[in-house]
Amino acid sequence: MFRKLDEIKVLRDPVHGYIHVELQVIWDLINSSWFQRLRRIRQLGGAYMVYHCAEHSRFSHSLGVYEIVRRIVTEIGDIEKALNEQEKVTVMAAALLHDIGHGPYSHALESVTGVSHEVFTCRIIEENTEITRILENCSEGLAKDTADIIRHRSANPLLYQLISSQLDADRMDYLLRDAYFTGTKYGEFDLERILRTLRVEDGRLLVVKGSGVYAVENYIMARYHMYWQVYYHPTARSYEYILHALFRRIRDISSGEDDLLPLFRPLVNKKKISLDDYFKLDENSVSFGFEKLTEHPDPVIRDLSLRVRDRKLFAYADSSPGGNRKIRNRLRNEGYDLKYYFGRDTVAQNPYIPYNGDHNEAIWVRMSDGSIRELSNASNIVYSLIHGPAHDDNKVFFPEDK
Amino acid sequence: MFRKLDEIKVLRDPVHGYIHVELQVIWDLINSSWFQRLRRIRQLGGAYMVYHCAEHSRFSHSLGVYEIVRRIVTEIGDIEKALNEQEKVTVMAAALLHDIGHGPYSHALESVTGVSHEVFTCRIIEENTEITRILENCSEGLAKDTADIIRHRSANPLLYQLISSQLDADRMDYLLRDAYFTGTKYGEFDLERILRTLRVEDGRLLVVKGSGVYAVENYIMARYHMYWQVYYHPTARSYEYILHALFRRIRDISSGEDDLLPLFRPLVNKKKISLDDYFKLDENSVSFGFEKLTEHPDPVIRDLSLRVRDRKLFAYADSSPGGNRKIRNRLRNEGYDLKYYFGRDTVAQNPYIPYNGDHNEAIWVRMSDGSIRELSNASNIVYSLIHGPAHDDNKVFFPEDK
Amino acid sequence: MFRKLDEIKVLRDPVHGYIHVELQVIWDLINSSWFQRLRRIRQLGGAYMVYHCAEHSRFSHSLGVYEIVRRIVTEIGDIEKALNEQEKVTVMAAALLHDIGHGPYSHALESVTGVSHEVFTCRIIEENTEITRILENCSEGLAKDTADIIRHRSANPLLYQLISSQLDADRMDYLLRDAYFTGTKYGEFDLERILRTLRVEDGRLLVVKGSGVYAVENYIMARYHMYWQVYYHPTARSYEYILHALFRRIRDISSGEDDLLPLFRPLVNKKKISLDDYFKLDENSVSFGFEKLTEHPDPVIRDLSLRVRDRKLFAYADSSPGGNRKIRNRLRNEGYDLKYYFGRDTVAQNPYIPYNGDHNEAIWVRMSDGSIRELSNASNIVYSLIHGPAHDDNKVFFPEDK
Amino acid sequence: MFRKLDEIKVLRDPVHGYIHVELQVIWDLINSSWFQRLRRIRQLGGAYMVYHCAEHSRFSHSLGVYEIVRRIVTEIGDIEKALNEQEKVTVMAAALLHDIGHGPYSHALESVTGVSHEVFTCRIIEENTEITRILENCSEGLAKDTADIIRHRSANPLLYQLISSQLDADRMDYLLRDAYFTGTKYGEFDLERILRTLRVEDGRLLVVKGSGVYAVENYIMARYHMYWQVYYHPTARSYEYILHALFRRIRDISSGEDDLLPLFRPLVNKKKISLDDYFKLDENSVSFGFEKLTEHPDPVIRDLSLRVRDRKLFAYADSSPGGNRKIRNRLRNEGYDLKYYFGRDTVAQNPYIPYNGDHNEAIWVRMSDGSIRELSNASNIVYSLIHGPAHDDNKVFFPEDK
């Protein structure tokens, strides 16, 4: 029913070996301008300022998530049987497109625009773009079905469990991929083993066989370590904070439009951003914009954009009332506007969130006697982790002493 | 002072890249017949019955431990300065020789002879063997000093902390090595990072810089997973149990000596085993002995030695009063001698044992403010693990239903 | 004499494990805006259109070349002794800066501007930039000495042999790095082994010990395969051709300046490009420029820039008089301007170029009897390769049939 | 038709990830005592005396060859279609059993017994052993069909091309495996790529698609380097020579049988070795025998067996009339029997042997135009290699100066 390519296309990928494409619709999506745009959006925001090789894009991550889902729905017997052809194609498309709505430096950008990238993902899939047309030409209703997976509204919850849950293809790919490109070992876990132990309960719930619990524990720990070592690295957060301050300053001072690149205008006027404008917002264009801003009349914009361009980051310290007061006093004396030059940031990470009312959110284990247990009841390690003391990190960021 | 080789010898090693030998005494030890004998003793007892590639010997592990210690005492500034030349050579020799007293299938063997391999290690170092002569020719007293490290009696506790503590070169090498040869990823951790963060407190206590805590957590988890996935694998324990039963049966029925290979006699008569006899007890000779025993008049010996040779292992089940009773009844009906055909085995593993009165046994962290904390006070993960529920596994082993 | 950092800085790198920085001058160079700009220039031009993960920048490659040179001048005894402190610092700086003059899509750009990136490298080092000031503040004359290594004019030829010869740190890093990021194994070779066998003859000539010949053969083969599998991949060349055609078209039609971004003007007017303008020419800004050009009045520019942005590449075929004629006829009929829409490209690669009069250009081997042989006289493999039939590939590129 | 296991068995393997067993007959063969015996025969004879981690057995290699063949006949469409079910099972069994006839230190042993291990392989498969019974119980005639593949007598030559040709599963596995366990990179090549480009011509000839030529070149080079760096390493050959001399000496002096272990008797009397006796000849038993021989009355046997046990190897030098004369004179003066204490050994390796009359022996490439070329006509590299100067190494081995 779904058209296949004359010959399977294989794309070399260091994380998975190869990405395999057999369906015409997937190949067309990959070759669309919206998907190619993901080459211009990096996977890691500030972290590549710490790990200099982590320059990989959301393009390769999206292919990786697709590949994991493709393997699950074709190679894991239980899931292969639980889904029909239409569902398989839809979930592969959703895997490929799940990050299509990301913009440049998403975290900082979203905090200024107030619009999450998931909203853009669904708009790009459904608002009559090239993507919409490819999906609809393939099968009527495919665009909506694909977006429904992103929105967690599929009739069969199995579909979104594969893409977005605590044990999903998205996390599995980004942990392995970010570990590979940062050069850390922390994110490594046994993907093969996890895939082999996936099963389906009642046709709707993804579960792991008991013999896979060790591999899942390993994955949970990998995630924990990647968060603290990579994603929450204070230097990365320093960079993110400056981006954030820069976007805020742009918004705060730009009443008119003359003094800014057209590129940045959608951020300033409060209207809904058109997809055409959004398309052009990639890291290349924004980086060019920052370069331009280094000559802007406003000294705060000039300084912050130079800092972004040349990696002149803020210092950081553990947040404490006394310490913060001292720093703020110094900054005031040196003439800094604290609104942009003093930031506080608390990060916390739960290695795993146990069952809280929504079955689709937890990880479930099928024990050898057939019973189903929630992960923290099947693993001492996970139980200990979620009942142990919370781990958070509260830091302040500010310009170094001159 | 210590004689160096004309040219550094490098031995290719897949785990460390190369093993570097610069000192004559180390080179002579490696070339001794006692050290070469370690090629005939496998690193993993029963586990290579599960992971078929884990056929590596204590020879390569011993070189690996030496290499880690060599790097620590020459490359880590703090430790390089804390030790004098004599201490460095001694701890490198101890690293190389720490397992020299291992016999074939050590666990099973020790439980029959009642003598631990550490006793043999010290005897081989000190009882006027080729090893003793090499050490004493190099420097008078070196044999005793080396054995003192093994016995935890060095004047400077730093020396045995490097070889045998909860964060030592022995564990670091075997986790990485066993992971490599089993083909699991569980044992991998960031050795480089841990080495770089090692420091010395007060000239006597090994500590880790605070920035190394994540790497240590990772190492603790690696150890945890290797125990449950590899060392405590029920199939490995089944094999160990049969070895154990076979050794016991040999001891129980052999009053005289005629019916056994000379090889096994030291196990039977209760005299102290001579080092000459011990030398000949390697896995090759014992394996040959097992082959011979497949033709022994005693049917239990015949059966158990065939099981060892051909990997006809016992089945296993979780231990429970009711279940065990049923199994034992069946076995009795089938004519099995339960003394050798029904075994119980409980394993438990503490990922980390916190401070219990002996400073040298815990892992210590130097925080960024200079204070020293015991690991479980510096790591939420480790704190959670040791305060969470204990993890043990209680199994019974027995012949399968015919 | 040369100022050291309080603590060695280590940057995580997946290819080398860590990049080590001990000298203040190296740290300052890394933190300069010119060096940070290399994050915005990719290492591989068209090849990342084939190998989607090859998104790495010249920033990480430059750090890698520096690290290899640092290791050679500090760890390889023979070279460590042959160079004085000043020479060591200079060659490390040259390693770090050897690619500092690269612009975006260098090959295509250079063919339009007619200026090679080496010229810019020397200008950036010597023309009173931030780089010049860092070098001169460290040691008077260091800027010129560094540029002299790039220009192959150092008093001691050993210095530029390390950076730019047939067995140099540049090639060694890029083969390993490109292999890592493309995910191919072809570029892998035994770096450790080659480094260990490097020696110095007469204080001026880099040679390899005879025992290293196999590793060098392996490296030569790795290079050969990387060229044909990655660098000369027809799809990569198709992308390069389109870039080239686009740059040419910009130059050809832009008499005035109104219709172009200021960014591209230096390419059009024939004046010497200022370093300030060159600084702003990075892949981000040029990519933004291409996006703008998709709305340019000229249809050729519009089409070509769209093709670059969305990866709508030209088809390719083996070049042949008859085949080319047919294609050109079709293109003419379809209204294409053949100047931009039909390209021919011949690539050829010598795995190794033997001695041709300049000692510094060949690879030399010190045999076990102390004699020195040129590589092709010490290796049957290399001899066979350079005396075998030449390998070239002659292709034409053109828009696919509509 | 062929019975499947209730659940696929997966064995962890560091080279292939997992070995998959789906068929009962394969599982039974693996669990037979003959196959388990391969755990007691090392893959590499002398080479593990150089590369200390290369302690892996023919057991893991045999599983690896099976796994490659299993993947080829189930995953490569062209081959999957060319073979019927019976042929697929037969070739998988042959892959698993192709080395079943190997004895301890095969090369040295064969040169003394004059019987090749292939003869034993076929005897073990066909002479009513446990192996024969497993095969025949599965399907009548399967034993002979399996042995026919080993003997290159199958009706369909495709079957033995997969197991034993210049591009076969045997070589592919041992190169990768030996590279992994020695820790060298030389043996690595892109197995995935080669497998994906395998095709069948006329239902009977294995060919490689033109796009796979680079991967095949890489494999040819890997083989070349493994031979010279590992298999032909002079130290490995020194060890092999001593084994060989020891076996010869045993044969030469043992007229009677009293002075030898029963184990070695089959080597001495010239009768055909029974499979029962051959079964007991493994490296463990022979190693035990060597230990015994260190106390033998004959001084040559005593010395040579000590050398084997303790790795006291012979020195080596390039063979030359003058040099050899000098060495032989010295040895005579020192009282050595040159028959056992002076050996000459010439090794030569053809990276590839082109078509010489037997189609099944060459590697064939299907070009993009559908024509079939012999590899050396499709690859410049291979053409150059086979037309370049021959590479051989002629060495003598002898005891070092006392």
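So that you can tell them apart, the chains are marked A, B, C and D in the order they are listed, and the count of residues begins at 1 in each.
Convention: contacts are C-beta pairs under 8 Å (C-beta built on N, C-alpha and C of every residue); 3 or more make two chains touch, one makes a residue touch a chain.
Being a predicted model, the structure only gives us computed values, none of them experimental.
**Q** Just how many steps, at minimum, does a route from subunit A to subunit C need if it may pass only between touching chains?
**A** So the least number of steps between the two chains is 1.
**Q** Looking at CA centres, what chain is most distant from subunit B?
**A** C
**Q** Averaged over CA atoms, how far is the centre of subunit B from the centre of subunit D? Could you give it in whole Å?
**A** Distance between chain centres: 32 Å.
**Q** Nearest whole angstrom, what separates the Cα centre of subunit B from the Cα centre of subunit C?
**A** 49
**Q** For subunit C and subunit D, what's the span in angstrom between their mean Cα positions?
**A** Using C-alpha averages as centres, the distance is 43 Å.
**Q** Hunt down the residues of subunit B that sit against at least two other chains at once, touch-wise.
**A** Those would be 17, 184.
**Q** Quick check: in the complex, which residue numbers of subunit B touch subunit C?
**A** 10, 17-18, 192, 196
**Q** Across the complex, what residues on subunit A touch subunit C?
**A** Residue positions touching the partner: 11-15, 17, 31-33, 36, 39-40, 51-53, 55-57, 59-60, 63, 180-184, 280, 282-285, 287-289, 291, 309-311.
**Q** Provide the residue numbers of subunit B that touch subunit A in the complex, in ascending order.
**A** Listed in rising order, the residues of subunit B that touch subunit A are 184-186, 188-190, 214, 217-218, 221, 224-225, 228-229, 380-381, 383-385, 387-391.
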